[in-house]
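Multiple structures are listed underneath, in structure tokens.
Presented sequentially are two complexes of chain A, the first with chain B as partner and the second with chain C.
Presenting the complex of A and B:
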């Protein structure tokens, strides 16, 4: 376990709404090793953001982490013990105050999606970088200011001393995203969770930011969890990828295997729906339908109503995580094609393709 | 690469200076003031406020104030000597009572606005009344503002049962008409010995709900902003998140409301004084002056008119400025 920085095991985060339980994250497991960029990919609503806020223990009401374990560098962020058939939080689990002091910002930092919304409009950019640095590192006010300017320079903001006193509205989207990266890196965390940080940017700026992140990652040796819906970004940046669909991870593995040796129909569908210069819109192969509600997920494999390869068995069998790397334990897929449970013998699934089960 | 892109950006100058993009919302005091300068009615309101504040400050630093407000005759004559032509002054204590203003037939320029029922110079009393009104307006509004901001911000930020308890309490307070609330408060706290300070506190407390509800509604949306989430994710304490991130971003409408409410509190406290629950004689207060004057409505209507005008102009000043501030702070209304 020593070579794992973050380990998430069977994490479930549910939202208890008046209209029923939304299983936003329903049993996901993945790990992050030091110095690694791990992708978390999926459509909107797949539960990627809920997974990341669960790691920070910042899930808002009515959401609740109902089971699973999150271990970070030896401390237990989430852990449950079973007592009398009920799950009770384990004792060594960090208290809320400890989470705030030790983990948030200090060990794990988040970069949010929308650079326009993630900076407080009433304070200067520099003051905000300094606030986070001061809070999470033992630096005096003056040192923190210098460090903040240094971080702004490191993320490629020219004339950092002058721009330190400027306000967020005087920065462009790409510049603000750099500031957010400076804020996260300035705290010297061991892990940075990047929650779709380039989604709101145009493609040229996105490229620059990705390049910057790769450089800084090498320099600071920070691990990343990179949340995105963009397979292109994943290809450019990540070492390993987790593909999420409707609260579950459906495929997990090293980047090359995921791209060149795809083992799950959903990943395949995602890959073939990427716009490419050599294909027109008509030639694109979008995934049919929309993701069903996590309140009432389809029975069996959750992807079967939209899956081109679905067979009758898929509606019955809830797939486990099957090792698809010939026992090497690096690539996993949650598709019963790869297990001996009767997929190949069952009838192709047709009719009520997009209907919700009762 | 990265550096090149940012360089071109810098060449455009800081984006805030462009301002015409439409989507770049300008912020800051300088911008707000510039906008108010371009708005004639708001500018007028600002001038009125400046005059009122200046007058109250001048009387405030006058060491004679305390003696003057006590209302002994010779003191008022001293004030007369400052404000009018000494050579016209009648002997101390001999000032004519209920003199009409100077432009009336029996008026004298020694008392430009006439005198009251005790022979005190009306202009002097009006001027000293400014100080009471400004004090009342600002202090009472501050009480409502601070109390309401704390309650509303906590309520909106934490939600859940905290919100329920605080807001139900606030709504209970809100359901009682402010005048009734203040009168009850004054009578209870002062032990039937009313004074303006009780009225000020009473009105301040009565206005807590207005501010609490307003800021809560803002906080409800601000707390969902990413920068609040980012602060939580960076391990900032709840208290600091409220103080540094939530409240400053929820404050603009509260500031507007406070400006408007300075006028409202002045009016309400004047009303209380009129009813005998506010300033007590011999304090020079506009409401108190009105209370006395209404007994002489037929004999000398001017005694009612002057404090009325003073109240009207002051409140109008704060209202016009408040409206202007609202327009300046709200980019949607052009």
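Presenting the complex of A and C:
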């Protein structure tokens, strides 16, 4: 209880559209401990961003958190009770006003991919950082100004005092992203959710930001949920990783195990499909096909139509999260290879690679 | 009527298909109403760049946003008219050919753009889209075009039945395949691919890259790939040119560039890429600062303002440690990153000697090298009066601009393998001025042949 900051259990967020229900997030569980950087990695459409907006309770219509629990440092962000066969929000669940006043900004801050959309173009950068700090911490105007300048300097804005009065358009993309980090950290939150914050940046700028985040994280001991599609960024930054595919977490574990002791065919396929900057790869192994729609996900294991290891059983059995720990930490995989439910006796499809049971 | 296309030479695999020499493109901002008031400023997007493309190879232009790679590629295709320079395609000088005469030549060079959504007309069926270039160049009859479009769908691994579908029914990867089929339809020699996979998910990227390779092996296409992603380049390219602020700073075969990196910018770029391997995490020194404006780019080597290896002025004879200290001092003043004992926001000025003490403590604990003693004193006096900009100017003119890096544009070739003379490696960095062949003269500016690569083997 004590060493978990954020705990997400069986969260489901669905979108009720005219063309059917989109199960964008369909039963995911993960946790974040204090001072930890946890990765949420997957391709577009995996449900990463919906998961994070659910944590902030910022899911837009027609989306709705339909079930599950989110606990943050003793407060209930999402919780349900069953009454007459229906799920109703539990009493201790934070109200919208509580979320706004207590959680967003000062307990959990979020950084988005496009800094231009998060900054107001008609206010100076400094004023926006100061306002954010003023709202979320008990500081007077003057103190907040000083703190804002200090934070801008800390995130590496040169001549912070002079640039305090400049406007967002006068900053480069990397500098704007630094401003957002300054804003987020300035409020001393316990958790920062970073949603692809470096994806739109050039690689040298991305390098600068990752370095900065690592330094600041060590200093402030802030926890991070880092959302990305880039396995390189994950390897560089994260302590633990959750790999998402089509609304589910398929594998979860310590960073080293995810890369070196991979237990889910999707993670494996993802890793062998990426070109490497550090060595020349003769032939990449792409994942066949494309990710199906979350409106009508495949039955059984959602990855089975593209999985090189799929067998007949995979089309029937909806995999649970199996404990596959044998490395340094706790590792889970949602693949029925790791359970005694008949995978090894089941018929492989034509042309599939044939693996022997362990 | 003789068409220009009759004058094109046939090029064998491995021979020069396209040769760009001294290509320069300045954009002028003098067209606006206010330009007269403020004076026209040129944006030096591409400045005196030379390279050649060999038939059947994959040549990559890499660099960060704003480095001029897309402008260069568009200039090569004559979609933008160059300010100066020569572009020869199959022996024809494109810059001296009128648009009308150029038209038939265009079927030999096609382009694929980054955004597969935006580059397909949503109102046209896939078949029409693929047939359009053939129609524009009056190739084949109606029925043959139709048959060819279906064959092309086969080749890019799409179903023939997609012929009658609309682009919106397809995923990003499939759309990029349609683009590929369209580009191939006129059987071109050169296909320029501007960030062909950067809008796609990683698993789909690999599918497209593999298809592109297979098609090249079969039809001998020459690809000019523009990309910011060095991982993709390492997978698909035979030769690579790295651009920074309108200049090519390094050009070599892929192996030489990645394994024997020469230019400090290329090294910084390579070091910055996050490697998908948690066991190779290390503390790297990220590149400082931002790319300067192309309106008034730095003199000499354009990377020198951020370069960790700025060369000391000739005749200074400082030890490495001394020069390191001077360089940190230069950086400190430029970024105002050293703080004097003061409360932020207050305007208390300092005595010059207090500033000197602070500077000595921060940068010259071993004592100031006598060569820079008076320069440091002068800068400190200005800083004491809060005249930071003047202090920067003093440092710029008396230290930085004395360096060869600020005085001459570096262009050298070094041979990485003595036994293979064409394995030359072009480096735009003065660190390689000794023992290298200077290729500065504008007529011979940095064109090098590397090995043709997999399509030739």
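Heads up, the rule we're going with is that the second predicted complex is superposed on the first by the 339 of 358 C-alpha atoms of A that agree within 3 Å, B and C clash if a C-alpha of one lies under 4 Å from a C-alpha of the other, contacts with A are read in each partner's own complex, and residues count from 1 in each chain.
Going forward, a residue touches a chain if its C-beta (ideal position, glycine included) is under 8 Å from a C-beta of that chain, and two chains touch if they have at least 3 such contacts.
Remember, it's a predicted structure, so these values are computed and weren't measured experimentally.
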Check: Thinking of the overlay built on chain A, is A:120 touched by chain B (first), by chain C (second), by both, or by neither?
Finding: first
Next item on the list: Considering only the touch criterion stated at the top, classify A:58 as touching first (chain B), second (chain C), both, or neither.
Entry: first
Margin query: After the superposition on A, what does A:170 contact: first (chain B), second (chain C), both or neither?
Written below: first
Note to self: Between chain B and chain C, whom does A:81 touch in the aligned arrangement: first, second, both, or neither?
What the structure shows: neither
Item checked: Which of chain B and chain C A:158 touches, first, second, both or neither -> both
Check: Of the partners chain B and chain C, which touch A:100 in the superposed model: first, second, both, neither?
Finding: first
Next item on the list: Quick one: classify A:10 as touching chain B (first), chain C (second), both or neither.
Entry: neither
Notebook entry, point to check: Regarding the shared-chain residue A:132, is it in contact with chain B (first), chain C (second), both, or neither?
Noted result: first
Notebook entry, point to check: So, does A:187 touch the first partner chain B, the second partner chain C, both, or neither?
Noted result: first
Checklist line | Residues of chain A that lie at the interface with chain B and also at the interface with chain C | finding: 158-159, 172, 174-175, 204-205, 208, 211
Notebook entry, point to check: In their complex, what parts of chain B are in touch with chain A?
Noted result: 1-3, 5-7, 9-10, 14-16, 24-28, 159-160, 225-227, 229-237, 244-245, 248-249
Check: In their complex, what parts of chain A are in touch with chain B?
Finding: 56, 58, 61, 99-101, 103-106, 109-110, 112-114, 117-123, 131-132, 135-136, 156-159, 166-167, 169-172, 174-175, 180, 183, 187, 204-205, 208, 211-212
Next item on the list: Sort out for me which residues of chain C touch chain A in the complex.
Entry: 64-65, 171, 173-174, 201-207, 209-210, 228-232, 234-236, 254-255, 258, 268-281, 284, 286-290, 335-337, 344-345
Checklist line | Residues of chain A that touch chain C when the two form their complex | finding: 43-44, 145-146, 149-150, 158-159, 161, 172, 174-175, 202-208, 210-211, 229-237, 255-256, 258-260, 269-271, 273-281, 283-287, 290-291
